[in-house]
Amino acid sequence: MTSINWQGQKETVVLLLTILLGLAAGAILMMVTGHDWISGYQFLFRGGLMSLERIGNTIATAVPLIFTGLSVAFAFKTGLFNIGVAGQMLIGGFCATAAGLSLDLSKPLLLTVMIIAALAGGGLWAAIPGWFKARFNVHEVVSTIMFNWIAYWLVYYLVPIYFKGSFETESRNIPLSASLRTEWLAQLFNGSYINIGIFLAIGAVLFCVFILRRTTLGFALKTVGFNQYAAEYAGINAGRSIVLSMIIAGALAGLGGMTLYCGYATNLQIGVLPSQGIDGIAVALLAANSPWGVMAAALFFGLLYSGKGFMNAMTSIPPEIADTIIATIIYFAATSVLIEKGIDKFMRRQKGGA
Amino acid sequence: SGTQQTKAPAAENLMVGMITDSGTIDDRSFNQGTWEGIVKAGTDFNFKPKYLRPAGSTEADYDKEIANLHDAGYKLIITPGFKFENSIYTAQEKYQDSKFVILDGLPHPGNDYSKAKIGPNTVAINFAEHESGFLAGVAAALQMKTGEFGFIGGMEIPAVQRFNWGFQQGLKYANNNFGTNITIKAENFLYQGTFHDVAAGQHLAAQMYDRGVNVIFASAGNVGIGVINEAVARTKGGHPVWVIGVDIDQYSQGYYDEGKTKSVVLTSAMKCVNQAAYDMVKSVKEGNFPGGKSLVFNAKNDGIGIPAANPNLREDVISKTKEIFTKLKEGQITVADKGEGLLR
Amino acid sequence: MWQVFQQISPYAIAFAIPLLITAIGGLYSERSGVVNIGLEGLMVMGSFAAAITVAVLQPVMHSQALWIGLVVAIVAGALFSLLHAFASISLHADQVISGTAINMIAGAITVFIARNVTGSGNIQINPFARFDIPVLSDLPVVGKLLFSNTYATTWLTLLLLAIAYFVLYKTVFGLRLRACGEHPQAVASAGVNVQFIRYLAVSISGACAGLGGAIILTTYSGEFNGTVFGLGFLALAALIFGQWKPLGILGATFFFGYASTIATSAQAIPALSHIPGVALKTFPYIVTLLVLVIFSKTSQAPRASGQPFEQGKR
Amino acid sequence: MEYVVEMLNIRKEFVGIVANDNITLAVRPGEIHALLGENGAGKSTLMNILFGLYQPDSGSIRVRGQEVRIGNPSVANGLGIGMVHQHFQLVHNFTVTENIILGIEPNKLGFVNTSSAGKRIKELSEHYGLNVDPDAKIEDISVGMQQRVEILKMLYRNADVLIFDEPTAVLTPQEVTDLIGIMKNLAAEGKSIILITHKLKEIKAAADRCTVIRRGRYIGTVEVASCSKEELAEMMVGRQVFLKVEKQACSPGEALLEIEELTVLNQSKVPAVKNFSLRVFAGEIVGVAGVDGNGQAELVDAITGLGKLQAGRILLEGRDISAFTVKERINAGLAHVPEDRHKRGLVLEYSMEDNLVLEVYDRAPFSKKCLLNRSAIRDYAENIMQHFDVRTAQGPGTIARSLSGGNQQKAIIGRELSLNPKVLIAVQPTRGLDVGSIEYIHKRLIARRDAGCAVLLVSLELEEILNLSDRIAVITQGELIGVVEADSANENDLGMMMAGCSKGG
């Protein structure tokens, strides 16, 4: 009986231990480099949580991560490794920004159009590597990396031509009517830049849960992910599933791009691949690809990212400690077998003793 | 380094913070110059300055770091770069107990410069880069007498453009008034498009040097470092070529001998960001912070210029350049901050 | 056009060489059956180790400092890659995940330490000097193309490529290593320790990638700043582009070298300056995709690459 | 020395299962010793222990009278023990020589010297009549040849105890005969052979003695000559087994599957099936006999829709399905038991219930409006598993990977038959299974035939074809050589036809 119970909660326990180990590694690193780790963590967490405004900012920081995490996790669940999230975000963000800067509509209508543009842009951008994989057996890891750079340069040249802002590095600022930021939400969080992206993110989580657990589509996609040959044998169109799965992953990333550029930021930045793309892999890994897990992991990372500046302002600890902690957590997640074995041994000894 | 405990903002202590733009604190130009000014003020007025580097280059990233400095008790916040315009615009309202200095920019909301506003707790400082470029151009032309000159810019932003335009006017001035024979061609005046691509700077410089360009004026952040690296490599290999540095005295960046005395940097077109930062800290210390004002640093107030020491320039060149600088100060020479009739 | 080609050659080669040595590292690893997506991070680690070493030594010694830096980078890369080896070989972790973790750790921890050391996180050094090879550089055609303006590290890398070829195809170790990448069970049942071979292969890949990062630092960049601009991933693409063969990799990396050098210099080349920048900049990536599209169906990928090997597992 | 190898009281436990429980095996020099047991009885485990791949939990091993500890395969090699695994341990893109010398490469300063090895391999090959080209690449040679490479690997290492784990499962009848010949040669030279096989006929033909194990336990060792096939089977399963399934004469109805002048290309764009025509009627089993690689796989792929056809038509119940997708064919009443249960048959990571609805998950009642109905799926799976005697640890939720091969196969058969197909394509339905499972599966196939289904049985095992089929079609190099009535056929004639001599013209 106990063993069954334990199995059920094993994942969660392992996850928490992983995070704890990552934080411990961070503490050790701070100590080794001559800093006071207790105040380090204190200010790190206060930086993310000490006021309503900062909580709002933490959430806003987490929103794009939720999307990129979902994108990676969804692809993972269907047997694909989507390293192209950054490029899909750029393209999705670009399409949304383009719509937002070119159309003159009421805010709800304009946002709807922008969301569709972001979904379509990101989805189509991911569809091509998906098709390459389905049709020509091109491994998606390499092709999506190539697509990241192509997206980078496309946007790099397109923005100054069509949507040049005050300066070369960015597009024009999007008008308030095209922004996910809203007065009431900002007010609610004391002037934070939190935006309605968080509701889109919750919607996306629900969407992923629903598709993967409840629908025939999810069943087909997962089957192809696990065993393409068996899927073909059973009459599932594997090629179509791969493309579809990439489209969904890309659309999630594209919408994430919109929440980044039209919610978190106020314009489209060029000359830089959004770091949230790679972070999405970490989020998905920590979450073991579960959509709700992605939400939690993204909020946790958002907290670290959002608090690190304050920690840096209050102490002399470089903010890169946050990235180091996250990276360490991912390594521990990759090697969680070790943790699991350790726990198993511990449990067995407990049982033996009892 | 030791542990730095919570500092309850002590009233008597100055707390001065800086936020870098996309570059780092040792970018050998803009950020570094600003930081050096603050550090100098720190030793003079006995405070420990702090800088933060934002995680990204969006308004939210900048807002976040301003809030962090403010919440940590920093009451004078210096931000180098036009990218902070929107963030300072909101911050000056939001944190009225803090003072802000923006270099190279004018606070305004969104895209709308017509709503620009410098709050009573803010100073906006701009530089006459064209005058600086002019001076460096004259000095380099005098030194070389004849030759082919080029220009590599980073992004095509106003400050960089003004350097370029002033530089060209300086070359013309020297050709017309001092009998130098400097030629320029359109294909040797370009903007790389980023401030970070070292390799690209090197490749572009290589093209130009191979085409016979002797001197390149690089106003391009790390791209400019690539230009200097290429010049160093060539000079080491026995084919001497020159670079004109930008923002701060970049002489030490261009050493090509083991003893670190000889450099490929002919001179540098400086804008005294360090001075500007220092002055602002000082004004706060002395209680005469010129809040609400927009300041221009130019030849008149010694806010621009070439380095005090120029080992690569002959004595006569240095003295002639000094004369020109005086004429700029006195308004006998004016340099246009527009690009009409010039390359790019 | 030939003129231009000749003129950009030294720069193209300088760009290709770190890619090449990193891809060679990837070759060892993948041929032994371990996918190493952490090459990027290993390069960063090598660049960092070399930067710290050179920055400390350069004031007291001259050009030797750079060579010592390279050696330290090799060691650092090899040691750091053991993290990946441990996760993916001993713990049978997903190799892509573990490699991603390597990338993230390298990117974060090097900058963290560098910031503790220099404040800004950047470390500057004086790079190698270029030189013309006597006699050879005066040869017609190839003299300018291959033997002018070269770095010593270029010849070192080409030597390592030749060594890689011999090691992989002519030696006992190479035979076993390749067999591990195709059919590890067969190797195990022949009484060879698969895990040991894979450990060795991964640490060689770490050493090579570390060297690659250090070469970027000590040739054209001159500064550590926490990134190698995605070159590790590009090396991975070159490995596939080159179909996991030493000469194929040489061709692929040189292609990248020339394509991206043309792209970055085009602005200053009148004959090319009218080509839209976006076309030049995306050219290498699009060609890579096309090559992948053409060759992936008949891919020569090592069969067991990416699969953890567990004794007795079927 | 009476025994060359003695394994005494060997016990080996895996998580949750005792694979070997106090097993004893003693092999004499120069004998061929068969090891017999059901799927999962523990044969491979026992041999892996002898070869040093696993360590026993308890018990001892003696080789030539000396007690030894075999920590890894090189120790086994050193003791003169060699093993041919169930799945070949060959590197596909290496040459024969490279494969053979792997691990004990002759070298100078680390550089491999293949030429001396090549000479020795040639000698060995000639001495034992193995006829292997040392410079050929593994991927270019036939399966039978690959097996001989495995044998050479052992001989090259001077092994005198040779273990064969199910060596005949992949061979053609002719190759089996050859292999038995080779084994007898080796035994005559004084080498000892341990042979694992499920085929009693082969044991009778080759082995001197036979050790039987059941569920990890030692049952006994017998002289093969003094024991009938039926007795061996009974020892192994623990009950009486009918080696030949009873069946009524068939009463064919209308033609359900019609293959008309079919031509199919293989991967290298060469015709693998040429102008092939065949009709299968309701209520009959048509066996397709042929040596492996003569177009069977391409034929099956073309019928099931997994491969493209170049020319010709396929009709199901008179409907042309040539252009149908796989799904449409399934919906039209085609079921398929695939050749490789792990590659195509199952999603090993999925639970059994998900595997059992693989083809019908999108039909009512398993889903409505794209939403899965979990309880309907579970009921359906439970039903199949009960009906087809699929044994699992945790019911329908069990992960497919953890089932034994026999149970996996029963589940696939159950799944396909539950589709209520008009036409069933069964490819190697009993590959690698023990006689108990074979008997069960054969019974179910015949029952389905009697219910009016048209069954196309593709198998490399003539015995199975002869046992089950009503008519037998022989395929050679993609061409239909002839169709014979099963009653009037025998292995010899079929073998002749398969070799390309058509019967009676």
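For reference, chains read A, B, C and D in written order, and residue numbers begin at 1 within each chain.
The rule is simple: a contact is a pair of C-beta atoms (placed from the backbone, for glycine too) under 8 Å apart; a residue touches a chain by one contact, two chains touch by 3 or more.
Model, not experiment: these values are computed from the prediction.
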Higher number of C-beta pairs in contact (A-B or A-D) found for A-B
Computing the C-alpha centre of each chain, which chain sits at the greatest distance from chain B?
-> D
Averaging C-alpha coordinates per chain, one finds the centres of chain A and chain B separated by a number of Å equal to 37
Measuring from the mean C-alpha position of chain A to the mean C-alpha position of chain D, what distance in angstrom results?
-> 46
Cα-centroid distance, chain C relative to chain D, in whole angstrom = 45
For chain A paired with chain C, centre-to-centre distance based on mean C-alpha positions, whole Å = 29
Per-residue overlap in chain C, given as positions that touch at least 2 other chains | 116, 121, 277
Interface hub residues of chain A, defined as touching at least two other chains | 34, 156
Flagged in chain B as touching 2+ other chains are 1, 193
Those chain pairs meeting the touch criterion are A-B, A-C, A-D, B-C, C-D
The chain B residues in contact with chain A across the complex are 1-7, 17, 22, 50, 52-60, 63-65, 67-69, 71-72, 74, 82-83, 85-86, 94, 110-111, 113, 155-157, 193-194, 196
Residue numbers on chain C that touch chain D, as the complex places them | 170-173, 175-176, 178-179, 182-183, 185-193, 303, 311-312, 314
How about chain D: which of its residues touch chain A in the complex?
-> 304-306, 325-330, 336, 338, 343-350, 354, 358-359, 361-362, 367, 370-372
Sites on chain C touched by chain B in the complex = 7-8, 11, 15, 62, 116, 118-122, 124, 126-127, 129-132, 149, 220-223, 225, 261, 264-265, 267-270, 273, 277
Which residues, counting only chain A, touch chain D once they are in their complex?
-> 214-217, 219-220, 223, 226-227, 229-237
